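There are two complexes below, and they share subunit A, which is joined by subunit B in the first and by subunit C in the second.
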Partner chain A sequence: MLTTPAPVVGASVAEQSLRGNRLRRGLVPYGYLSPTVVLMVVLMLIPIVMVISYSVMDNVILKKSPKLVGFDNYTAILTNPTFATAVKNTLFFTLVSVAAHLVLGLTFALLLNTRLLSSRVKAFFRVLYVMPWLFTVAIIAILWRLLLSPNGIVNYLLEVTGLTGGQVEWLSTPDTALFAVTFINIWAGYPFFMISLLAGLQGIPRELNEAARVDGASVVKQFLFITLPQLRPIIISMAMLDFIWTTQQFALIWMTTGGGPINRTEMLSTFTYKLAFSRYQFALASTSAVIILVLSMIIAFFYVRHQKALE
Partner chain B sequence: MSRVARAPRVVRSLLAAGMTIVLAAGCGGGGTEEQPGSSASGGEVTLEFAQWWEPELPANALRGLMDEFEAANPGVKVNLLSGPYASTKEQVFAGAAAGTMSDVVGLDGAWVSDFAKQGALADLSAMMNDASYDQSQLASQVKVDDKTYMIPVVNFVYPMFTNQDLLKKAGVTKVPTTRSEFAAAAEKVSKTGDNASGWILPLSLEAPNGIQNDVMSWLWASGGSMLADGKPALTTPQVKETVEYVKDLYDRKLIAPGSLTMKEQDKVEEFTNGRVGMMIDSLSHIKTIRETNPDLKFEISSIPAKDGYTGKRGIPYASWGIGISEASEHKAEAFKLVEFLMSKDTNSKLSSVANAFPGNTGSVPDFVASDEVMKTAFEIYKNSVPANEFTGLPVAEQLMRDFDEQLQVTLTGKQTVDEMLQKSQDAWVSDFAQ
Partner chain C sequence: MALDTTSTSPAADTVADARPGPRLSQQARKDSLARVVILLALVLGALFAAFPIVWMLSSSFKSNTEIFEFPPRLITENFSFGAYSTILSDPVKVRFFINSYVVSLSVTVLTLVVAIFAAYAFSRFEFRFKPALNVIIVSVQAVPPITLLIPYFGLMVALKLYNTYPGLILTYMIFTLPYAIVMMTGYFNTLPRELDEAVKVDGGRTITALWRVLVPISVPGIVSVGIYTFMIAWNEYLFALTLTKTQDMRTVPIGIQLLMGQHSYEWNEMMAMSILGCIPILFLFLFFQRYFIGGMSAGAVK
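Right, the complex of A and B next:
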């Protein structure tokens, strides 16, 4: 019996269309992903790769044909005494800010979560406590510059109450400047912790506390063995995020002290900015930025690992 | 789902992705695809003019001048790119690096050296020679390696402002003209109580121009210099005397508190609010001071010189300068615009509306006849030598910041004046070598 080629052709056409279908179906997810991928590449990957490449060249941008200098820029930055000062200041500023944000945020969240006050009173305080977070950095900087100025309200109040002799230069005295900017940052950032922890507190089942009370646990014990463990995932996530954000704080420092007096409030961010836009040493600034990127990535790594562990 | 329905979905998603790429590419590459700055179509040339002047002038003042220029030069249009000083600075620096600088740019003397080294600015000396331009009418030119790159269009001088009420209250009858008279007056004002201070000195590291306007001005007023043959010379007796004088005022608490992080605007604010007896400041702030505190009685005078100095006094100034981009395709038309702005009549008009002194020696601004304070200022300007040694220096702002940092360490008593000057000298030498 003779076989006609027609069914074979039919089979191959069907196979082709099946393959085409599969290809199309395989491409669909990429099609959906592509807008995000393109944005990520254009806005993140390309700039990061450019900055890393700048960091191994001699003065880029200002020189028409910059040369490769290897790790010379890294040696220059890491041996720069101002960089060491900036690292120390940034660490102090960040650690104190994060710790204070946590303590204040938790305290206020507990106060706002109490059942002893009416909901109207709580709403009032909720608005009051969240205020610092509503201001932009520029407003915060101007506000505190005015408050802390030698002729400002803070000095007036301290003088009236007899605590200081008046006209203390909070932001201009080398001994107080770092404490002053850290204080401002604490004031500006605690509501973020407070809101998140309040949400966490409201999510703790009441039965847990009630059961503990029945078992005779004191308020302190309830806090230590029920509230804190329940809040732990939020606290760790928030602390890590706050750590990353605070190390990158630039605007507040720049608008209040500019890194001064001398270099008492110099942070990694202001140090990098000055290299780029005051010395026009874009290669060195890129190097400093890459070092900050690496440090941030280490923290980000722990953050992601922590998040994964939660899942 | 049927194949017919699925196919358009695939096409749609690919299309969406494609459009995103085009959009992203359009956003990212817009500046590089176009010709730098200008454009020419149908025989008409459009010049881009980037500056920070328009927002600081009365509405339509600069545009009005540009309309006059366009009427006088058919076929040439001017597109004004205006923004505040800081953003213009960033824009011009980015343009210089990317080769997309506007055809004509507003310049600050402190930027010129860096741009000239980058090759971003056109050599105006050659253009003036080619056009047989009469250079004697220009009050000043900013040169790097003997080539002019910037012409100051109008100048703002920095005399001494005195609060007459405070001085009177302190028993100072005559405005101080020497350093010792100034110190004595500052002491009397500081002793009046009410938290008033004799002098005010902004030393913020964020904007370290206090070094130029409020510290070095004392040196220049007495004919001193911080340079020798164009190189840093900070360890000289005259610089030492100046820094010691400032430190003495600081140690005696005659300077308003908060110096180390104070900015120029804080200085003006404190003076306007009547808390400071004397300050050195730009004439461009007169309008703000009068508007904010119409009751404040103030006078202006020359910056005091050291006792016994009889020579001409240097007076610090800041300029609105102008330059032409090396990348411009319409340099001839751009030079016409420069010529127009520097011409006697236009320069008179511009300096009148800007409350500044003209860059053309023949121009006379209107306010000299109508405003008593400005009349005095014009007298001071004519009897002094405009002095700003930072103009044309490399990384000028960084030089000020280096000096500022060392001065702050000295004022807080952590090093001697000699140590400070040696360290600043070393820092400047290394900045110059970059």
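Right, the complex of A and C next:
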């Protein structure tokens, strides 16, 4: 207080312009963010508000003036037996896919990280192993329809090796369809894990393994007590991301089985899509979409928390 | 550092292992056995990974009757590029490719511009809503596409963007932008602040610091993000299916599906179109492998 100089007119002007400057400087980041914010509001916030409002009305889009029906749609969806089937199928499809992606991705990454082969050989195999990831889901769906068709190469190979007899319709037999689409998804998705884990493996200092070896630790022990703990954060991130993505899978199911036969491969995504665009039940479909959103946000919450913990 | 050099250099290994007598040869024998096992495992895995694709390639060169011949063969006597020329001489199918290129390239350019601005703000400024905006951008990545599908359908019809390029491009940006911003911010964070601060100290505007200094040295990061963005747009299926209607607006993934219903299963043409449909991605992968993998793991891990 004592040191505060008496205000002079000139100083106050300078102070004002300084404050104005600081204000302008404070606005600069918002300027750079404005295109992003506008897009997020128009393409994310408004649609989410729209879908939530659709979900509490009777049939929107088709009716001129839809009425508010409260939680009726939610009761209808949550008691719908097909919805329950879709939840079960989605969980099976997702959990098996993520587990298999992890096991395959880790195995291949470990093989590709060996110090026993030259880097040229490893690069060659790496390209082959990444291949499935370079194809669009639509292409993967078509390709596997050819491979898995009754007269296709998979049946031929299985017959020649004596594993199965005859022409199995993998994608249209109720007992095999869910396994078949899950298998296709496993094939299509492991490279993503593999590449990230490979990057992670290359980040582990070699000295750690060397030291363990000198101390007489076996290869299995080195893997369990050095490699796995080092990869843990990547594995958890990847598994959660993969979980989120796999639950959202639509194109693969839609183009191979369409959710059939008799709902055996019906997923939350195909269930919702059919409600909207085959049966034109837009309000019910919106309800289902909101339920899926809530489930995804719960998983996303844990993902964000895990990522935060890493920093 | 000293520890680093002694334990990783091959010389150190030799010293450790170079005890005279049987121990060395035992280790060498163990290594070569392990090498054989690893190679065998790699070949087996490669069959699983690549055989379906080899089969796709082989089928695209067959005639349609040979595709299901018994026993199956990888190369048949009627080897021909017929299926490819059928696809490429059909203006309807060529249009699918043009649409996919127009949409994917536009999405890539627009996403990069918007994401570079946003990433600059996140990386170089402190501001009040930064943590909140950060969380929003990360969680937006988890919003399921199917949730947005129904309102987008209504929105695009209302905005008269249904069945147009801008409609698809805007839609795809909401899926590409969050990744692009997260990846780009990560990249900018690795660059020292002094570089662009210098421009500002000299009285330059922040935009000058961004375009003249930061962007030119960020080319590797931008290439990674661009490839990633292009791939998302090129592969998208659900919204292309729902937000376009006429055949002249369809993209490649939908075009392949249309091929399935249209003819009575011309498998060789479908396989040829699939090969043509993955060429841009394959090209990007072969020429930018380093950026590709860098971007991919950066997007996942960070």
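In the analysis below, the second predicted complex is superposed on the first by the 288 of 311 C-alpha atoms of A that agree within 3 Å, B and C clash if a C-alpha of one lies under 4 Å from a C-alpha of the other, contacts with A are read in each partner's own complex, and residues count from 1 in each chain.
FYI, contacts are C-beta pairs under 8 Å (C-beta built on N, C-alpha and C of every residue); 3 or more make two chains touch, one makes a residue touch a chain.
Note that the coordinates shown come from a computational prediction; the quantities given were computed from them, not determined experimentally.
A.B. asks: For A:68, is the partner it touches subunit B (first), subunit C (second), both, or none of the two (neither)?
C.D. replies: neither
A.B. asks: Between subunit B and subunit C, point out the one touching more subunit A residues.
C.D. replies: Counting contacted residues of subunit A, the larger count belongs to C.
A.B. asks: Considering only touches as defined above, state whether A:26 meets subunit B (first), subunit C (second), both or neither.
C.D. replies: In the superposition, A:26 contacts subunit C only.
A.B. asks: Which partner chains sit in contact with A:263 here, subunit B, subunit C, both or neither? Use first/second/both/neither.
C.D. replies: first
A.B. asks: Taking the superposition on A as described, I'd like to know which of subunit B and subunit C A:35 touches: first, second, both or neither.
C.D. replies: It touches subunit B and subunit C both.
A.B. asks: If you stack the two complexes on chain A, which partner ends up touching A:171: first (subunit B), second (subunit C), both, or neither?
C.D. replies: Once the two structures are laid over each other on A, A:171 reaches subunit B alone.
A.B. asks: For A:139, select first, second, both or neither according to whether it touches subunit B, subunit C, the two together, or no partner.
C.D. replies: second
A.B. asks: Touch test for A:278: subunit B only (first), subunit C only (second), both, or neither?
C.D. replies: Only subunit B; A:278 stays clear of subunit C.
A.B. asks: A:151 in the overlay: touching subunit B, subunit C, both, or neither? Say first, second, both or neither.
C.D. replies: In the superposed model, A:151 contacts both subunit B and subunit C.
A.B. asks: By the touch definition above, which subunit A residues appear in both interfaces, subunit B in one complex and subunit C in the other?
C.D. replies: 28, 30, 32, 35, 39, 61, 149, 151, 254-255, 277
A.B. asks: For the complex, give me every residue of subunit C touching subunit A.
C.D. replies: On the subunit C side, the touching residues are 3-4, 7-8, 16, 31, 34-35, 38-39, 41-42, 45-46, 48-50, 52-53, 55-56, 59, 67-68, 70-72, 113-115, 117-118, 120-121, 125, 127, 130, 133, 135-155, 170-171, 173-174, 177, 181, 206, 234-235, 237-238, 242, 252-254, 256-257, 260, 267, 270-271, 274, 277-278, 281-282, 285, 289, 293, 296-297, 300-301.
A.B. asks: List the residues on subunit B that touch subunit A in their complex, please.
C.D. replies: Within the complex, subunit B contacts subunit A at residues 3, 6-7, 9-10, 13-14, 16-17, 20-21, 24, 27-28, 90, 93, 97, 114, 117-119, 195, 203-207, 256-262, 266, 275, 395, 397-398, 401, 404-405, 408-409, 412, 431, 434.
A.B. asks: Taking the complex as given, what residues does subunit A use to touch subunit B?
C.D. replies: Residues 21, 24-25, 27-28, 30-32, 34-35, 38-39, 42, 61-62, 64, 149-151, 167, 169, 171-174, 177, 254-263, 274, 277-281.
A.B. asks: Show me the residue ranges of subunit A that touch subunit C in the complex, using the header's touch definition.
C.D. replies: Counting only subunit A, the residues touching subunit C are 26, 28-30, 32-33, 35-37, 39-40, 43-44, 46-48, 50-51, 54, 61, 107-108, 111-112, 114, 116-117, 125, 127-132, 134-139, 142-144, 146-147, 149, 151-153, 156, 187, 191-192, 195-196, 199-200, 206-207, 210-211, 214, 233-234, 237-238, 241, 244, 247-248, 250-251, 254-255, 268-269, 272-273, 276-277, 282, 285-286, 289-290, 292-293, 296-297, 299-301, 303-304, 307.
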